[in-house]
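After this come two complexes, each holding chain A, first together with chain B and then together with chain C.
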Partner chain A sequence: MTLFQEYITYWSEDYTSILSYMYEHIIIALTVITLSVLFTVPLAIFMTKMKNELVKTIIFNIANVFQTIPTIALLAIVIPLLGIGFVPAVVALFLYSLLPLLRNTYAGMNSVDSEIIEAAKGMGYGTVQRLFKIELPVALPYVMSGIRVSSVYIISWTTLAALIGAGGLGDLILAGIGYNDTFMIFTGTFIAIIIAILLDVILGKVEKVIAYS
Partner chain B sequence: MIELKSIEKVYEDGFQALKNIDLAFEDGKINVLIGPSGCGKTTTMKLLNRLVDYTGGEILLDGTNIKDVNPIELRRHMGFVIQNIGLFPHMTIYNNVAAVPKLLKWPKETIKERVVELLELVNLDPQTYMNRYPSELSGGQQQRIGVIRALAAEPSIILMDEPFSALDPISREQLQDELLRLQSEINKTIIFVTHDMDEALKIADQIILMKDGQIVQKGSPKEIIANPADDFVKDFIGEKRLAAEQELPPLDTFISESFVSIQKDRSTAEAIEQMTAHKITDIPVETEEGIYYGSINLYHALANRDKKLSDLIDSDTYTVENGTETQQVIKQLDGTYTTTPVIAEDGQLVGTLDPYKLLHEWHVMSETERGDQ
Partner chain C sequence: MMTFRKLFLVGFVLLLTIVAGCGDKTSADGGQVFTAASAKNTDSKINVQLLKLLVEDRTDHEIDIVEDLPASPQIFAGFERDEFDFASLFSGEVYNNYFDDVEYSTDPDKTLKQAQKFFGEEYDIKWYDPLGYVNNYSIAAKRKFLQKNDVNTLTELGEYADSLTLGTDNAWIERDNDGYKGFKKTYGYEFDDARGMDVALMYEGIDTGELDVVTVYTVDPQLKEYDLKVLEDTKNFFPPYEASLVAANDVIDEYGEINDILQSLVDVVSTEEMTNLIYQVDIEKREVMEVAKEFLQEKGMLD
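Right after this comes the complex of A and B.
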């Protein structure tokens, strides 16, 4: 039997478990991305309106610290606090994803030409109207690129969630390492890559739809 | 009517940007705020739509204190054009121009008509440009959009903050001409900030010259050039411009007092005779008391020889009031009439303008100017 045929057989025997790992993986990653966007984007916008440089520096440093902790260590740290499973994994990955999103959104909002903001103000846009009709749409490419980059990272980091019992494709890879099974390792990795690429493409389309609406 | 009364602006760090500004902007005119950078001209303009708040005094807009008006409402009813154009890059030209009408919730159809009308006003084909994005337009075209965007909601006041200074000289000239043409149609109260004296002299009805947060001099371009308040103003206007404006001798020099005129009760035949004898095509008519009454044109008289003189008098002819500045007279002479009557304040016919003397003076002047270079 050729290698390819063996691989097909592996899929046909194990596809239910592969798909459930994949499903778990997607759920964890999407939860993290959603929470992270909902938390970080408003925070970054708020920070661009903030005058106090010290508070901004502190917030960035906190986000920085989470980013510098090795992923495995961060996952380990949450176990005594939150135990094992889905919730601690989401919390750890969420903390981990703060920095790239925060930085990109903040930079995006700051990139809006001060002349444009002045024009909007002078024309009679209120603060909220200005934010939603001018500043956010202009900053959208930056914000979206932050979301896309972070999403790809999160899909990849989610494989580590298996270490604290949250499941996902990491389980498949870890099992593969345990059984010295190349197929399992390869499949876990390959699907994670595909999910990451697909998500990036989808978010790209979403950006276009928002930009032209 | 916008009035600034004893306006003071002190920043938090103690810097006093404006000192005791008393100023009235002329309604329906182009008011130009000019001065070196840091003189407070932009600050003064931004006080009006409350982008900057003053710390003392009050500003009255048609008698209402602007601090009693919601700043957002206030701004929607004042057009605003900024230096670097500031079009919204993510919106089409249509949406840019429609921005304020949309904020004011105008009906869609009205907005559309207005946008089309405005684009046509600045000679940009609506079908071609409406759906383009600002980045697809040249700098000059973009600032045209900037100007009509400010006009969109039909504000009576338009604030312009050095609107043409970022453009190349040719586009700048074109836009200045276009602004003057537009203004002759729309008659808005325009507050225009610039640091370019040529621009100010070209477009202003009233110039307000500022320095170190104070008004140094205000008046029409002519008044300022004729009577600069001090050395700073002279410097700012520039020696060359002052010289060019002042070299022309006063109007008196060009009045010919040995003029031909005819009294109102004479006959048409007499008028024709007078004109042919003196080789002129127009003759001023005066009353017995010497009050200017109108003018008779030779060809008109020849064609209507059978009519009475009083029926042929054209009282709409161009006349010059004695004491007007020569420069202004030259600007208004259009050559339709060979004889330009000069009248005194009480209506007395003083004489006629001697075009040959005027031409001679002009010739001598341009000779010396050429000699200077």
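Right after this comes the complex of A and C.
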């Protein structure tokens, strides 16, 4: 039997569990992405309006700290507080995703040319109007690229959810490592890559739709 | 510009030194430097340390230890690439999806014979007789829960399985013969929920009450720490896990003195002694090296 045929057999025998790992993975990752975009993007926009440099530095440093805690330590801290499974996994990954998203959005918003803002002021635009009519549309490509990069990270980080019993493709990969089964490792990795690529494509389309509207 | 070129040169030389350092090494006493591999479990770390201490005491050779490898497949991969010379491994691994024609058995002697034959031929290694202790895989639960419901065996546990959550390592759920699938077949029941996770975090989970039953190794000191009790495997489902030291054939063929040392480590540690050693490392946080040295001194194998 060729390797390819063996691999097909593996799928036909195990597809229910493979699909359920994939489903768990997507649910966890999408929840994290949604929550962190909803939290971080407004925060970053708010921060660009902030005059107080100290508060900004503090916020960035907090996000930085979460990013630098070793994963296994963060998971161990989360367990006594939130238990095991879905909720602690989402919380841990959410904390990890803060920094890249915050930095990218902040940098995107800051990239808006100050002359454009001045011109808008001169034309009598109010703060809110300026934000939605000028700044956000100009910063959109940067903000979206931040969201896209972070989403790809999150898809890959979600494999860590398997360490605290939340399942996902990490379960398949770790099972393959322990059970000496390269098909499992390959499948878990491959599907995670596919999800990340698809999500990136979808977000790219979303960006275009928003930009033209 | 000059400084940049200097910097580049220094970096290049450093890199070369590092790369050169990766080749064959000579020990301080003019012997060889070997590499011994151990997985994450503490007993394996102790076993390779015993070997290291004796080899460095009795010969001119040295042993570097590579610890915390995720699981046995990575150790065998290292033997295949000639990166490892020694390791500590369990007989029950022979059922871990390596060979198609191996016959599943829960008999310790048959399992050992099969491990020695199959792994020995496949990876050109010598699988010594066990160090003496048994480290079986099994299922444990909180002692309080078991006493309250008067449960002592895995058969009796079945009555409560509908309401119990099982925590286990990520691989056990997927394993065929000796994993969850086989367990369900043998005992005829399944738990309300079964979750794979990191083993260290699994104990946190049962401590906080998130989990009700966990898969454990019978020498785990956490059993004592968290007041857990191993359930009796009435249907003889779990395969025997006896630890052995393993060596690459070309090494022991050339260095007979090392072969003698490996032979002398057969049947020296009882299950009780090993549980005690692991307890000192994991719970009392002592160094593996110290604990292993003390043990060898007690046995009169080291001065």
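Definition applied: the second predicted complex is superposed on the first by the 213 of 213 C-alpha atoms of A that agree within 3 Å, B and C clash if a C-alpha of one lies under 4 Å from a C-alpha of the other, contacts with A are read in each partner's own complex, and residues count from 1 in each chain.
The rule is simple: a contact is a pair of C-beta atoms (placed from the backbone, for glycine too) under 8 Å apart; a residue touches a chain by one contact, two chains touch by 3 or more.
Keep in mind that what you see is a predicted model, and the values were worked out from it rather than measured.
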Inset, instruction - Answer with clash or fit: chain B and chain C placed together on chain A by superposition. - result: fit
Legend entry - Per-residue touch tally on chain A - higher for chain B or for chain C: C
Inset, instruction - Please indicate which partner A:Ile154 is in contact with in the superposed arrangement: first for chain B, second for chain C, both, or neither. - result: neither
Inset, instruction - Go through the superposed model and pick first if A:Ile72 touches only chain B, second if only chain C, both, or neither. - result: second
Inset, instruction - Would you check which partner chain A:Pro80 touches, where first means chain B only, second means chain C only, and both and neither mean what they say? - result: second
Inset, instruction - Using the superposition on chain A described above, determine whether A:Gln129 touches chain B (first), chain C (second), both, or neither. - result: first
Inset, instruction - Tell me which partner A:Ile177 touches in the superposition: chain B (first), chain C (second), both or neither. - result: second
Inset, instruction - Considering only the touch criterion stated at the top, classify A:Met144 as touching first (chain B), second (chain C), both, or neither. - result: neither
Inset, instruction - Answer with first, second, both or neither: which of chain B and chain C does A:Gly167 touch in the superposed model? - result: second
Legend entry - chain B versus chain C as contact partner of A:Glu118, first or second or both or neither: first
Inset, instruction - Just the number, please: smallest Cα separation between chain B and chain C in the overlaid arrangement, in Å. - result: 38
Legend entry - Complex interface listing, chain A residues touching chain B: 113, 115-116, 118-126, 129, 134, 137-138, 140, 211
Inset, instruction - Sort out for me which residues of chain B touch chain A in the complex. - result: 49, 51, 72-77, 80, 82-90, 99-100, 103, 149, 159
Legend entry - Residue ranges of chain C in contact with chain A within the complex: 70-74, 96-98, 167, 169-175, 179, 195-198, 200-201, 204-205, 208, 210-211
Inset, instruction - Would you tell me which residues of chain A are touching chain C in their complex? - result: 17, 72, 75-76, 79-80, 83-85, 162-167, 170-172, 174-181, 184
